[in-house]
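Pasting in a structure now, in structure tokens, and then I'll have a few things to ask.
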Amino acid sequence: MPGMSIASDFAEQVAREARRLGGLGLMACTGGNLSVRCPDGRLLVTPSGVDKCVLLAEELLPCDHRGRSLELARKASDEGALHAALYVALPDITAVCHGHPPHAVALSMRVGTALEFAGIEMLKAFAGTTTHDCIRRLPVVDNHQDMAVLAEAVLARIDEHVPAVLVRGHGVYAWGRSVAAAGRHLEAVEWLCRVRLLAGQAGWAAAGA
Amino acid sequence: MPGMSIASDFAEQVAREARRLGGLGLMACTGGNLSVRCPDGRLLVTPSGVDKCVLLAEELLPCDHRGRSLELARKASDEGALHAALYVALPDITAVCHGHPPHAVALSMRVGTALEFAGIEMLKAFAGTTTHDCIRRLPVVDNHQDMAVLAEAVLARIDEHVPAVLVRGHGVYAWGRSVAAAGRHLEAVEWLCRVRLLAGQAGWAAAGA
Amino acid sequence: MPGMSIASDFAEQVAREARRLGGLGLMACTGGNLSVRCPDGRLLVTPSGVDKCVLLAEELLPCDHRGRSLELARKASDEGALHAALYVALPDITAVCHGHPPHAVALSMRVGTALEFAGIEMLKAFAGTTTHDCIRRLPVVDNHQDMAVLAEAVLARIDEHVPAVLVRGHGVYAWGRSVAAAGRHLEAVEWLCRVRLLAGQAGWAAAGA
Amino acid sequence: MPGMSIASDFAEQVAREARRLGGLGLMACTGGNLSVRCPDGRLLVTPSGVDKCVLLAEELLPCDHRGRSLELARKASDEGALHAALYVALPDITAVCHGHPPHAVALSMRVGTALEFAGIEMLKAFAGTTTHDCIRRLPVVDNHQDMAVLAEAVLARIDEHVPAVLVRGHGVYAWGRSVAAAGRHLEAVEWLCRVRLLAGQAGWAAAGA
């Protein structure tokens, strides 16, 4: 059953990346979630309320294209709906991840509607960016508990050059054409925010902040 | 012996969570302790003076409901009495944990009798909080070496919405309906304090501080 | 085939050091690269776009002395050319490594053409420095996407006492007479920059900044 | 051979503690060293220039009571002489450790001849301190490359209540009645300095700084 083994391969990728991001401290307090879109359109989503640092592939929840669980016995996370909305809006992407990176959340408490970064090599961690000599604006949106409202706010602010959105006081949604790319984009946002805060201590003009 | 295996299962949960919290740096210098209340009312408490990062289930100390060792050869930690007092005051909880999270302790040196948090998604890590759109006040009490005095101070300040108390210059006591919940509450307090300090660097108004 | 086993031994050293530096957070977002010069003049270079924390020796790419892949099926990283240029300019060195240490990059956004360190024991981590009682100037150069331009900028600023150059907004190139020395030099630059930022918070006069 | 097995047990303790302290980031850049005094007066000292995170017991160097190698083929670290001087001055101690904790070194660049701590529970990590309600002064001495001069400076400043001395711009020497105690004292000094720096960001009056 090739379909099975493809799904199983995707599940392994998601579980491994969840453990990696958890180990980096981006998935604190059992928070955060990852998903992958399989070739048949189904989603595999991490369960909520579990420690991502020790997540196994068999714990992933198969969901339909709207993020609803395909297993009667298990309910999908509410945030699955936001993953599903991103997959609809961005047909080319294969994976979505969401985490609570502390430096990004800290910066989100201080800024308006975007965080501007320029002249940093690490911007090349974003797929499609090939030089440090550019300006990238990470969109910042307000938080909502209603997933439909939050999804709308996130979708309205997607920037073609930045594969992530920062939700104020909450965390980051990032996506990509592979599980590895989505995870790398989340990691890169936190790295950029951390360096910005460190440089700020040293006096860097917080342009765009 | 079902009682044995339940106790053994609880002991495994406590040891695993102690190793996890130790690995996160919340149990520095052999400090900190965790306990679970078994269905028969007995407590299982981590021994003092050992590195929590490598704690094994068989090292846990069985104690009576007042935190006194049931093994003649081994004395329980003095802090077991505070765990016991929390179990009496909060009949619904199953686990208590105590650690020395550095950001929380640092903030405790600066504030009065509470630390106020508002508008942060991570507040939902506290059992019973379902929205970021709320205000939560983490009680801060002065430290005492007399466990009876400290226990009284902690019990007097328990907030129904916040499953933790911060002891000034000392650390955090957190509790929950499961070992995982108690540990998550300790982790969440440190995350919130860390983000507050990081945001403070960026200029966030330290409301309530 | 002794040549084979020497190459294999070098490859193991590079892979192990890459995992170590990755684990220290100096190779974020699949960034960074390491190389070694084998006795026959060939280079072994880490592949780009992979997580250095789990790199295996067999993944290294054999390259000629100009950093061009010797395997038709795999292209070397563009940055291999800078490694090659360093090996030409510095005949005594055996290894080069490049990473994105966050504190060093943060400081690079604030300074002019050098970062000055004095009176720090850790300067002895630099091969050839035998006392803390000295001044060492870490060269800082502007970033370029054109590897030939960046290589020229780096080579023009090599300091005989400092086995590393900091590229503004980008990262650090470090080198040494062994794989371990090159990695230690990268680690030392980040340690020095981190302590400088920490001391700056405490009010240390940022001499040279 | 009971003597052998005692030495072997001590060696295991030292290697394990070295790996633990290395993993905590207190032994950066192959720096730092640990030693134990065996019942027969011989010392077992970690070799210099190796990564402490992966140190094995068999790598330890047997030395005489003055810190001189008992193996013709291997030379002891220069810093072994300072360990030996501490063992002479403090007949009750069994272990000495030295590391480069970043927060402690950063604070050392700012202070005079001592760092004062008061009202912190973690002071109880120091053997003999049984309450937070006390003042402890960590001696700070200037750095010297001449081990005899540095040893004299350290010995002249030993405080009966504080099992450690901070060497400016260099690192910390800590000791104790067991390998675990010496390591815990080093860890505690760094924890105290880290919390002080974090609290300083929040505005804590840096008394004694």
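Here are some notes:
Note that the chains are named A, B, C and D in the order they appear, and that numbering of residues resets to 1 at the start of each chain.
Criterion: a contact is a pair of C-beta atoms (placed from the backbone, for glycine too) under 8 Å apart; a residue touches a chain by one contact, two chains touch by 3 or more.
Since the model is a prediction, treat every value here as computed from it, not as a measurement.
Rotation angle for the C-alpha superposition of chain B on chain D: 90 degrees, rounded in steps of 5. When every chain is reduced to the mean of its CA atoms, the largest separation from chain B belongs to C.
One inter-chain figure worth recording: chain A and chain B are separated by 30 Å, centre to centre, where each centre is the mean of the chain's CA atoms.
Chain B and chain C have CA centres that are 43 Å apart. Under the contact definition stated at the top, the residues of chain C that touch 2 or more other chains are 201. Here the touching chains pair up as A-B, A-C, B-D, C-D.
Listed in rising order, the residues of chain A touching chain B in the complex are 28-31, 51, 53, 100, 102-103, 105-107, 109-110, 143, 145, 167-171, 197, 200-201, 206, 209.
On the side of chain A, the complex with chain C involves touching residues 20, 119-122, 125, 130-133, 180, 184, 187-188, 191, 194-196, 198-199, 201-204.
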